[in-house]
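So the structure is just underneath, and the comments pick up after that.
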Amino acid sequence: MELAPPEVQIAAIARLIAGAGHVAVGAASPIPAAAALLERVRSGGRTRVSILHRRRGNPFTEGSRELFDLAGQGRIDVFFLGGAQIDGEANINLVGIGGYPVPKVRFPGSFGSAFMYFSVPRVILYREEHSTRVLVERVDFVSAPGVSAENVHRPGGPVALVTGRCVFVFERVRRRFRLASLHPGHTVDEVIANTGFAFDRPERVPETETLSGEALDLLRGPVAAELAETYPEFARRAFGAGVG
Amino acid sequence: MGAPYVSVAELAERIQDGSLIALPPDYSLVAMAAVRALVRKGVRNLHVLGVPVAGFPADVLIGAGSVAAIETSAVSLGEAGFAPAFTRAATAGTVRVIDATCPAIHTALQAAEKGVPFLPLRGLLGSDVLRHRDDWRVIGNPFAANDPIVLIPAIRPDVALFHARFGDREGNVWVGRRRELATIAHAAHTALVTVEEVRGESLIEDETLAPGTISSVYVGALAHAPRGAWPLGLLDLYPPDEAHLAEYARMARTAEGFASYLARHVLGEPVPA
Amino acid sequence: MGAPYVSVAELAERIQDGSLIALPPDYSLVAMAAVRALVRKGVRNLHVLGVPVAGFPADVLIGAGSVAAIETSAVSLGEAGFAPAFTRAATAGTVRVIDATCPAIHTALQAAEKGVPFLPLRGLLGSDVLRHRDDWRVIGNPFAANDPIVLIPAIRPDVALFHARFGDREGNVWVGRRRELATIAHAAHTALVTVEEVRGESLIEDETLAPGTISSVYVGALAHAPRGAWPLGLLDLYPPDEAHLAEYARMARTAEGFASYLARHVLGEPVPA
Amino acid sequence: MELAPPEVQIAAIARLIAGAGHVAVGAASPIPAAAALLERVRSGGRTRVSILHRRRGNPFTEGSRELFDLAGQGRIDVFFLGGAQIDGEANINLVGIGGYPVPKVRFPGSFGSAFMYFSVPRVILYREEHSTRVLVERVDFVSAPGVSAENVHRPGGPVALVTGRCVFVFERVRRRFRLASLHPGHTVDEVIANTGFAFDRPERVPETETLSGEALDLLRGPVAAELAETYPEFARRAFGAGVG
């Protein structure tokens, strides 16, 4: 069965979070949220998923600071961040391009990244757009740095970057990304051409494992329905009529 | 003796030009009726604190020319996309943007809540967020060797402005699980609160409701404003009006479109009694 | 996947000798049934943290020889008077007493809650409380000149032990306005909770109950213990048994009297199923 | 009408808190609590009273730390402290006598005093027992100091000491108590003989103003009844059958 591009990305992310005890999802992240909810179902509930912006039955009862306190306590294993720009050292920019404090292009802002990137052991970077505009040599503004000096308290950091074309894993010691898999239909040459930073890669890059059978039914059924509570617009677009 | 009930317009009158005003995020309880009243009264030079992010009310105030500065971790309309008035003002340099990160805002408010001049926060080191904050400090953790840590100074807003599900006759307000509202009420000099519904019984004497209640000790005044969060949502009572927010996002893309939105949905709105 | 329900005895089995165990004050929600089970299992060398004061459960544990050290702002039985076992042990030097002041205990727990190594606290300067605390530091406030301020290091208890009005099937627990229990649950490595009543419906999905609910993310295990706070009270459900507490205060004035109390009310109690 | 000794003390304390916006009452303080509740009634509700240990309808919804946070915010005008020992510089000892950490006599502990004494503008010391055992030259352990160095942030501190015999006011600049009034039936000589520290006094010491008429009816009626909710044992002793 052919998967739509968002479904491939969801599959890739779900694989990266397998076995996690607690996955938290922040602002405007429907694809990571879908992956987390899918992983919760597949783990028989052993993976806990907390979606910050879930309006009804929000899992937090201590207000919007609880997510960050949980991360500070070491109780969040996986978190997701994006980036208007992401560079080869996994620095992310959520603020602006071309000058600061008055940039040419302004994005919403850093959200919790400057803390969560340091605190959560497995941070997965997700950005659907995979272009030299987004994946740059060096970000214009470091909302949160990919790596830190040795004396910086940093139990957390980036482990992977998932785009619309591929999966990179991040190697902290080398401070570089390595191409881990290509989504079906995409090529190494295409990834090289659309990436603004240098990265490592194995001789043969495998294809991103996708979903089939029961897992896909789960995604398109109960996961899509739960997703629609928090991301109705996305759920309509991605899963269409399947969402009641 | 509790806090007095006034009209929404009178509540807005209590917010002076130049005030530092703390606003909750769009997914919390936003006093939109009061924000519209603020625009109608022509408030100017507000310093807005987004706790920890800003959204629709901040964008409307910025578009209306009411905001001199905004400190926040982000300004966004969520699923409706970027905040158009903010984006325009930030790139034009007509609003001073003080970039923070979510837990730094919580930390600054908790410092004010506890009456201490600062609290420490992990993370931030090596970020440009920190590099541009002359008001934050890095010290060596006195309890360990070679362990730099950031100190965030307290923020004490002049006003915390938010909406509540219930208010009682003494001025206690029930906000349920939206406890960031308790934090801003505690940290601010005063809280001004619109309430969806006025209840006769004391919220604080009721063991079931007390945990979601903010004491009137923090509240300066209240106004009864049914559907006062609209077009944003109120817990499980009503959802955000996504169509309206999408329309706003579309109209506010240009200054002219924003002016039309304002004329239609803000300036023209009758003042609630 | 939430936290498991076990018996009160099994809950007590999860607390190891030598643990740092945080206990709420007597006017909050105290897991007395579990404390009695702890005495029965013969736990030793506990470090008790009174949040922010200690009372009846700490005195029983001290009298039973289960406590090596207690950090607290006070140990008292309230209207029933001084805590007799504590007083005896403190003057005999058989328990190490680490004197604090209420907000310092809250501050130390909030530091752990926020994952920072310390938080500052006003006051304390010139007190003998501070003078005897080698683990606290005085620094100059980096945001002002000539302004000394105390830093309190984080305390991360091994276990937070308390009683809750309700537990649900996922292990979320409702403690109402007793939010110090949320703080100790957040700060501790794990919370062990006895619950007065088990509810079928999710506490966290209910907008009315969620504000007084502590998420199961913090809870290691629960036990169903009806009247589990007795002889202390439970919110508006039942008051403290003042007569029993007065009897305890009278009996525990001597080691022999304490032993009789223990034999009659603790060691003889059948283990709940 | 003759007042019982506790009623005289309540009257004295009520006078000291007149006009306060917010009076907070901590652990085991039934007489200060009675004074505060009386002042609330007399002020027509303008004086707010928060009793920390009130079990039903406790005014705090943020847990037991809220009292201290309120004080840190400057929202508490009056608070009460006691002392196993109190000395002439208004240092208080709630910890022990004769050695530390293993004292000869051990008291419950410092409670919030080491913070509240610094934070609350009007701290009223209350101790019924007025003897040289309690009012000493120098306390054995300083739970909280009466005065601080100039560079210490201290918006609060002691304003008065009420005992079973008299009212002292505390003069921070002189770091000394001054005898302000004698309870009915007590004398200056008796106070001198029973006080272990030196204090100032005017040539003629007035008698403590007590309560009569309506105020006394309020105290013995509604105030006693409300007090009994939190301090049943005390209310029975002090007001007897009047408490339903």
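A, B, C and D are the chain letters, set down in written order, and residue numbers restart from 1 in every chain.
The rule we apply is simple: a contact is a pair of C-beta atoms (placed from the backbone, for glycine too) under 8 Å apart; a residue touches a chain by one contact, two chains touch by 3 or more.
None of these values were measured; they are calculated from a predicted model.
Asker: What are the chains that chain A and chain B both touch?
Answerer: Joint contacts, listed by label: C.
Asker: If you tally the C-beta contacts, which comes out ahead, B-D or C-D?
Answerer: C-D
Asker: Measuring between Cα centroids, what's the chain most distant from chain A?
Answerer: D
Asker: Return the distance between the CA-based centres of chain B and chain C, expressed in whole Å.
Answerer: Chain B and chain C have C-alpha centres separated by 36 Å.
Asker: Averaged over CA atoms, how far is the centre of chain A from the centre of chain C? Could you give it in whole Å?
Answerer: Each chain reduced to its C-alpha mean, chain A and chain C end up 40 Å apart.
Asker: Can you work out the whole-Å distance between the CA centroids of chain C and chain D?
Answerer: Centre separation, chain C to chain D: 28 Å.
Asker: Which chain C residues touch at least two other chains?
Answerer: Those would be 103, 110, 114-116, 121-122, 147, 149, 177, 179, 182, 207, 210-212, 235-236.
Asker: Spell out, as numbers or ranges, the residues of chain D touching 2 or more other chains.
Answerer: 56, 58, 60-62, 68-69, 72, 119
Asker: Mind giving me all the chain pairs that touch?
Answerer: Pairs of chains that touch one another: A-B, A-C, B-C, B-D, C-D.
Asker: Quick check: in the complex, which residue numbers of chain B touch chain A?
Answerer: Listed in rising order, the residues of chain B that touch chain A are 25, 27-28, 51-53, 72-76, 78-79, 82-83, 86-87, 90-93, 96-97, 99-104, 106, 110, 121-132, 146-149, 177-183, 233, 235-236, 239, 242.
Asker: Which of the residues in chain A come into contact with chain C in the complex?
Answerer: 22, 44-46, 48, 50, 56-62, 68-75, 119
Asker: Considering only the defined contacts, which chain A positions touch chain B in the complex?
Answerer: 27-28, 53, 55-56, 58, 60-65, 68-69, 72, 94-96, 100-119, 141-145, 148-149, 151-153, 231-234
Asker: Considering only the defined contacts, which chain C positions touch chain B in the complex?
Answerer: Going through chain C, the ones touching chain B are 103, 107, 110, 114-122, 137, 139, 141-144, 147, 149, 151, 153, 175-177, 179, 207-212, 235-236.
Asker: If we count contacts the way the header does, which residues on chain C are in touch with chain A in the complex?
Answerer: 1, 112-116, 182, 186-187, 202, 204-205, 207, 210-215, 217-218
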